[in-house]
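Data block below; observations after.
When the chains are written out, they are named A, B, C, D, E and F in that same order, and each has its own residue count from 1.
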Amino acid sequence: MIYLTRRERFNAAHRLFKKEWSDEKNFEVFGKCSNPNWHGHNYQLFVTIKGEINPETGFVVNLKVLSKIVREKVIEKIDHKNLNLDVDFMKGKITSAENIAIAIWQEIEEDINKLSCELHCVKVVETENNSIEYYG
Amino acid sequence: MIYLTRRERFNAAHRLFKKEWSDEKNFEVFGKCSNPNWHGHNYQLFVTIKGEINPETGFVVNLKVLSKIVREKVIEKIDHKNLNLDVDFMKGKITSAENIAIAIWQEIEEDINKLSCELHCVKVVETENNSIEYYG
Amino acid sequence: MIYLTRRERFNAAHRLFKKEWSDEKNFEVFGKCSNPNWHGHNYQLFVTIKGEINPETGFVVNLKVLSKIVREKVIEKIDHKNLNLDVDFMKGKITSAENIAIAIWQEIEEDINKLSCELHCVKVVETENNSIEYYG
Amino acid sequence: MIYLTRRERFNAAHRLFKKEWSDEKNFEVFGKCSNPNWHGHNYQLFVTIKGEINPETGFVVNLKVLSKIVREKVIEKIDHKNLNLDVDFMKGKITSAENIAIAIWQEIEEDINKLSCELHCVKVVETENNSIEYYG
Amino acid sequence: MIYLTRRERFNAAHRLFKKEWSDEKNFEVFGKCSNPNWHGHNYQLFVTIKGEINPETGFVVNLKVLSKIVREKVIEKIDHKNLNLDVDFMKGKITSAENIAIAIWQEIEEDINKLSCELHCVKVVETENNSIEYYG
Amino acid sequence: MIYLTRRERFNAAHRLFKKEWSDEKNFEVFGKCSNPNWHGHNYQLFVTIKGEINPETGFVVNLKVLSKIVREKVIEKIDHKNLNLDVDFMKGKITSAENIAIAIWQEIEEDINKLSCELHCVKVVETENNSIEYYG
């Protein structure tokens, strides 16, 4: 069993808030992340898969194939977008890094597990000080 | 003469567009950066000042003082904000990294030059691949 | 179950030595890290907690709360200090990165586990080439 | 139980290809990584060991000893070399990062497990976007 | 006048040697960089241009245009290649980072100066410890 | 004319203070950097030289020679040391990054200018947020 990690990046706007709450309550819980006019991040996404090495190629999985799935299922929908308004798989969700990581897992799990490997971890790095890991 | 650089960071949303132009024209020029619902970045700001060393302290300028100016004049106004909507010193400007760098220079130049040093460079790093330097 | 990691930083002096040993013996075991007049590092501390997402907030735990615990229990006691002389929770211990990681775990475990999450890992990065992880 | 990670680096040339395959087939599977005249990388190698802390020293294992093993068994054979042509422990293998990680594990496992610790992970970082982890 | 820097990356094999010299002499001057079977690097290329801001766009130059020139004139010819054998603009030259930087300057200068800006600096980062800057 | 930069690193303890001043006055000016029991940093040192390329070698200067000077004249005296107590070329000086940069310039200038090049810049990076550049 071996683990392969691919990094992709996306730059997006978002806002943390609950529409049922007042602006004051949102600010109390989410602080400046609740700014009504949005803010944004250079997100880094690390997708880790695990599997056996294919002796024909020396690969667990061809990086081109893995990267294509992540780009088509995630990056194209999320890069240079507003996570609250533009992204189908985030609709109705609070756009915390936690929820982003889980939603990305759900977007790619099926396609990745069709390959000769298994999705192991989705890591979302929001800033140089904060990151989230989800293992399914 | 010695040069001192202080890094500060801000996370902001923005959009590149000209309101006189159609969405098509904006997309043609600015690409996905013109997304109407905004996107965002973890910006890094490097402020470089130059001056003589104060023999009393060994400092060109006390970092606490420099950092205080940059935080009060720039970071507090720009961090977790929308550069197009929320920031007084970007009003009416295209929020390119070029214009951000020049506007930050104008915000801090007077206060820094009151210290025993001179503003030398404002560097804005938008992504790991793109950055701007302005020397006044 | 989801994992959240917060990075904090501290700059500290230390020395690796055993007072029962001669200088020669200390140098033999600890090399230049045993320099009697101390040396120092920019340490990076990564605290990882795990838990379920709170559906109200989208958070495992509010980063402000987590960061406050780490700052009050660790960073304020350790930043710009001498790890051998100034830090109560390192008294009588060899200030190896291993012992620092364990001591930090002990400092924060109780407060973190009072939150809706569990302490998972304390990682101490001493240089770009050396780091320690402790999982309790 | 505590985990210690040491980073070492090596700069090497390699080529991904199967000699039984035509150039076209190699290009189809390995893309530009199959360039007959080689290409290369600044590889980063992270070796993680786990064990109990020695109360005499505060160390799981002396970094000098760990580093010496990794340098003698791996770095000296692999740094500024051609992974396909010059490295005994890669002979006859496809020089994918997966196979490099496993081969490095096999090179150092015995010597490391003679110490008061156990080899836990070999991580090979090929580019800022791609890495491999092997846990034996 | 404002300065814009674009980073691109390329992974290449090379060897430092003079064919008129013996292997011994080459090793004496170039050390392990003269390994006859090549070694390689993840090079980073930083291209800096300078110019006035176009008030229509807020740009000195459109990054897409700059990036296209650098990719077509340099990266496509040099990425996943052997700098000594595969790259027309390095033919007959010692493939030191110094010569790479100058050759890249010569490849892109004409196309960049046709834009509304001027080539200012080509920086080649060979390893985390070594880099070259050329200003024409 | 081409510029070559070499990075070296040193880990050191230091304290900012003036012995003529009271502890209160030192704390007022230098803040927590005046801690009597020292603190420390992982310093990065970037030495930049400039010169013409030697057509025999493709080098401005052989990196091994440059690195040897920096290591012998600076790193061996400063790494794993106390900058205030152990380092001859810092004796009697406030150990600010400004003064460290100038002192390092003075230590290496003569030896470097004996080579076929000229010392251009000494850059000292104290933390990820603070750095100093000195050009003589």
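Simple rule for what comes next: contacts are C-beta pairs under 8 Å (C-beta built on N, C-alpha and C of every residue); 3 or more make two chains touch, one makes a residue touch a chain.
Keep in mind that this is a model prediction, so the values were computed, not measured.
Engineer: Give me the chains shared as neighbours by chain E and chain F.
Structural biologist: B
Engineer: Taking each chain's centre as the mean of its CA atoms, which one is most distant from chain D?
Structural biologist: B
Engineer: Can you spot which of D-E, A-C or A-B is a repeat of the E-F interface, where more than half the contact pairs line up?
Structural biologist: A-C
Engineer: Based on mean C-alpha positions, I'd like to know which chain lies farthest from chain A.
Structural biologist: Greatest centre separation from chain A goes to chain F.
Engineer: Between C-F and C-D, which chain pair shares more contacting C-beta pairs?
Structural biologist: Looking at contacts between chains, C-F has the larger number.
Engineer: What whole-number Å value describes the gap between the mean CA coordinates of chain D and chain F?
Structural biologist: Roughly 34 Å separates the two chain centres.
Engineer: Chain B to chain E: how many Å between their CA centres?
Structural biologist: Roughly 29 Å, centre to centre.
Engineer: Identify all positions of chain E at which a residue touches two or more other chains, and write them in rising order.
Structural biologist: Chain E, residues with two or more chain partners: 128.
Engineer: Could you run through all the chain pairs that touch each other?
Structural biologist: A-B, A-C, A-D, B-E, B-F, C-D, C-F, D-E, E-F
Engineer: Tell me, which parts of chain F touch chain B in their complex?
Structural biologist: 16, 18, 29-31, 93-99, 101-102, 128-135
Engineer: Enumerate the contact residues on chain E facing chain B in the complex.
Structural biologist: 1-8, 48, 53, 56-60, 62-64
Engineer: Okay, in this complex, where on chain D does chain E touch?
Structural biologist: Answer in residue numbers: 9, 11-14, 32-33, 35, 37-42, 79-82, 85-86, 127-128.
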